[in-house]
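Multiple structures follow.
Both of the next two complexes hold chain A, though its partner changes from chain B to chain C.
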Partner chain A sequence: MSTVSWITARGLFGRRRFLMLFPLPVVLVLLAVLSRSLGVDPGAWGPPVLVGLGLAVVLPVVALIVGTGVLGAEIDDGTVVHILTKPLPRWQIVLPKLAVATGVTAVTVAVPIYVAGVLAHSVRLGLALVVAACLGALAYSALFLALSLVTRRPVLLGLVYVLIWEGLLGNFVSGTKVLSIQQYVIALADRLAPSGLLETTVSVPVAAVMTALFSVGFTVLAIDRLRSFSVAGETS
Partner chain B sequence: MTTTSPATVAGAPTVAASTLDLAGVSRWYGNVVAVNDVSMRLGPGVTGLLGPNGAGKTTLLHMMAGFLAPSRGTVALDGEPTWRNPEVYRRLGLVSEREAVHTFLTAYEFVLASAKLHRLPDPKEAARRAIALVEMEDAQNRRIGTYSKGMRQRTRVAAALVHDPQVLLLDEPFNGMDPRQRLHMMELLHRLGGAGRTILFSSHILEEVEQVSGTVQVMVAGRLAASGDFRTIRRLMTNRPHVFAVRSADDRALAVALMAEPSVTGVELDRSGLTVRAGDYGAFTRALPRIALAKGIRVQQLVPEDESLESVFSYLVEA
Partner chain C sequence: MSEPTGVIHDIGYQRYTGPRLGRRQVFGALYLHGLRTAFGLGRSAKAKIFPWLVVAIVTVVAAGVTAIRSQIGEVVMTYAQFADNMSWLVIFFAAVVAPELVSRDLRSGVLPLYFSRPLPRSDYPLAKLLAMVTALWLLLGAPQLVMFLGAAFTTGDGMNGVWNELLDLLPGLLYAGLWAVVFASIGLLVASLTGKRAFAAGGIVAVFLMTTPIVGTLSIMPSQTLNELAGLASPSTLVQGVGVWSLGDLLITGDAAEASHSLIGDFGPVYALAAVLLVAGCITLLLARYRKVATR
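Here is the complex of A and B:
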């Protein structure tokens, strides 16, 4: 484990903010277990729980908390200076942080989404959701990591993206779905395990290419912004 | 036990000295000019960067440390720009003013992490040595969150020194330290400077600079107001004209008598009393009671005007 990822992980788990990660996944599992045990038709509870809660809320919100935490929290309290005053190429700082963010998000989301997928349909759907959610975790993490370097309000902007762009506009303006990580995740999961529960709006090639573009593009942006990282002086 | 003598770092034969060159450096934020056309060259030894709060010291230090792009001019360490060039951190250490530490780590973990990030061949030994240098062995296994301000400061200095840099920049390093820690830090800087390192520390306190460094760079309102040997600058400061507000039983008679006094360079009379300009602080304050007594004038008030550090510094700008 690199020193950067070790400090990042210690910082992430050492803050109280980390506890915010748990309620949402727990709710997801509880709802799935409840629906299943009450004998509700999976066609009725599957889409709202798997997509409406799991992929549209749990995945992006967990990614937002973690993704803005791995670097944004250090920028906020100034400790980032300690890592930046080292002769490390900036990609050696961004990539470990991205890896930690992606890993923590993926683990936090994969477990409940797998359980829900299995209960709703099959093990195959559960696994498909896990794989798609992991790819989504990478794209979201890259986005939120870059956001914490381009704005002082990464959490707010991230919420706007998740809630307004993906959540609200996605329902009215179909074009916005082409730039929605949520839609890529759904398309990829459905391709891996066709179940009839997931409604896709973008094609699989578009989803695959765009997920890669989001991940790489925002990572490159983050590395470049970190190179030009400025500490605000007392006069500013 | 880690009883490594502090002298092992400072006393070790040093590699080629480094110079930090600033050429016509300015930095502005919108309409506010924080640093205005500063040029200086810093070589081995301890240099104090002196100036009142808000003079632009921190902005200048951040530009030196590669954390801010100059709006104009260049900052170079041994000819290489510091901006967007992480390689300079092999030779440069920074202790920023903002008290930012990973509070969830112990001092040892924190310094060790720095050593590892520097890819030092023996990070554990380097961390132990740096901690010994700042005398933090006793508390090194406690979480930084439990430390006093001075202890945190020393921990940060240890982290900045772990790779034994040729250039060390410290922003207000004595803030929040008790007298003993202050003395210890001063000795440390002396030793590091004496061993051929280029040390620059900022301070708004004259006495701190006086005790640590022979050379000073004085900044006032973003400009480099004076630079060079401290004693020369100190003399300029003490010999500057002093202004006193004087009220007495008979201002006009006192004004006449004062004009005959060599240490007085000017007297102004108005309804609120006298404004006296004196070239020599000590001579004037000794002369005034003597004159008043001789003339039988009762002095009701003597107030030195504008003795703030800012005014002392701004005098230097005009000098």
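Here is the complex of A and C:
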């Protein structure tokens, strides 16, 4: 484990605010357990809990808070200078931070969604959701990490993507689903474990290729942006 | 040692002896500044991007609805339904505005400067809250005014038609006010907990988004009482529940009216009580928070 990733992990967990991440997964598990114990038909509670809460809210919101936190918080505080002035290639800064962000997001999301998936259908669905959520965590983290280098307001721009692009437009204009990580995750999970609970219009090859493209493309963009990064004061 | 030879000249410094503005003016200045901050007025172009993006979207939607109604004659959404349909944008707007209003002051440590003025502790958060309520209300109310003007100028029944439209508009504006109060008090409370705007925005969205699927799940539980009370779990469905109870057919039109009644059952007053308690609780916590921050 490199020093950069250790510093990043400590920056994330060293403060009380990381406790903010816990209510989201806990609610997911609670709802799944409650629905199961009351004997509701999984076909009825599966989609709102697994997709509506798990893949559409918990995954992007956790990825947003963590993904913009690993680098954006340091840029905000101005402490990013300490890392930038060390004789490190830029990719050795970006990749460990991306790894930490992906890891934290994946663990936070995968555990509750595995429980929910097992309760809703089968162990196979649970594992499929875990794999898909991990891939989604990678793509989201790469996107939000790159955003925190491209703009000074990464969280708001990330919210525009999650709320307006994926949430609002995804419901009305089906064409935007081709550029929506959420739909890729659903498509991949459905392919790994066909259960009838997950529904999407994006085909599996498109989802796989686009997830890879999102992850690699935004990582390369982040490395490139960090190469010519200029330190500025807080925006007015 | 020689005698000191320096001379102190009287160059005419004077103390201010005129009238001093009091609490009301401080409150008014904070309120006006807060309202301007919400829309990024008097700040750089970067600060205007996000608020005006939301304003642009809701205005375009309202213009589209008006155009469809005047051309085809089909009412796509009533005034009261407008707020419901824009709920995601309201959440986003709250996440943009609330951190700007309170988190910046926390982060830059200027609160002692504010509280060294003749300003009671509670006035600062209340002025900010009022500014945010006004901003949200303008966001939801202005497009309704656009829809009203469009409908008033294309109405076929003369002044009578305009009067009917106005009677439809006023409850819509009141309903928008309810949205504004609930969302502003929750958003401001979350934002006042952290000095980092990024975390404040994330937290606000997490609170609002996380609660919506809870409603979806609770409403398919086998117990009917639980279904009808499910809306209490999320701020947006709570507001909608109050709206269904108080506005009735203005909010839900046509066939949906039957379904909507079973949505909240006979629990309308419970929803109204819950909304009042929620807002009162948030404001109490906000005031408590600022009592603590101010003594630091």
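Definition applied: the second predicted complex is superposed on the first by the 232 of 236 C-alpha atoms of A that agree within 3 Å, B and C clash if a C-alpha of one lies under 4 Å from a C-alpha of the other, contacts with A are read in each partner's own complex, and residues count from 1 in each chain.
Keep in mind that, in the parts below, a contact is a pair of C-beta atoms (placed from the backbone, for glycine too) under 8 Å apart; a residue touches a chain by one contact, two chains touch by 3 or more.
This is a predicted model, so every value here is computed, not measured.
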For this session: In the overlay, answer first, second, both or neither for which of chain B and chain C A:Val231 touches.
Result: first
Exercise. Where does A:His82 make contact in the superposed view: on chain B (first), on chain C (second), on both, or on neither?
Worked result: first
For this session: Using the touch definition from the top, say if A:Gly72 reaches chain B (first), chain C (second), both or neither.
Result: second
For this session: Would you sort A:Val173 into first (chain B), second (chain C), both or neither based on which partner it touches?
Result: neither
For this session: Tell me which partner A:Leu159 touches in the superposition: chain B (first), chain C (second), both or neither.
Result: second
Exercise. Counting only touches as set out at the top, which of chain B and chain C does A:Val107 meet: first, second, both, neither?
Worked result: neither
Exercise. Is A:Val209 contacted by the first partner chain B, the second partner chain C, both or neither?
Worked result: neither
Problem set entry | Per-residue touch tally on chain A - higher for chain B or for chain C | C
For this session: Figure out whether A:Thr3 sits in contact with chain B (first) or chain C (second), or with both, or with neither.
Result: first
For this session: Scan A:Val33 for contacts with chain B and chain C and give back first, second, both or neither.
Result: neither
Seminar exercise, completed: Both partners, chain B and chain C, contact chain A at residues 235-236
Exercise. In their complex, what parts of chain B are in touch with chain A?
Worked result: 27, 29, 32, 34, 53-54, 56, 58-59, 62, 65, 67-69, 84, 86-90, 92-94, 96, 98, 100-102, 104-105, 110, 113-114, 116-119, 159-160
Exercise. What part of chain A is in contact with chain C in the complex they form?
Worked result: 17, 20, 23-24, 27, 31, 34-35, 38-40, 44-45, 48-49, 52-53, 56-58, 61, 64-65, 68-69, 72-73, 76, 152-156, 159-160, 162-164, 167-168, 235-236
Exercise. Mind pulling up the chain A residues that touch chain B in the complex?
Worked result: 3-4, 6-7, 10-11, 14, 77-79, 81-90, 227-231, 233-236
Problem set entry | chain C - residues contacting chain A, complex | 43-44, 46-47, 50, 53, 57, 88-89, 91-92, 95-96, 194, 196-199, 201-203, 205-206, 209-210, 212-214, 216-217, 220-222
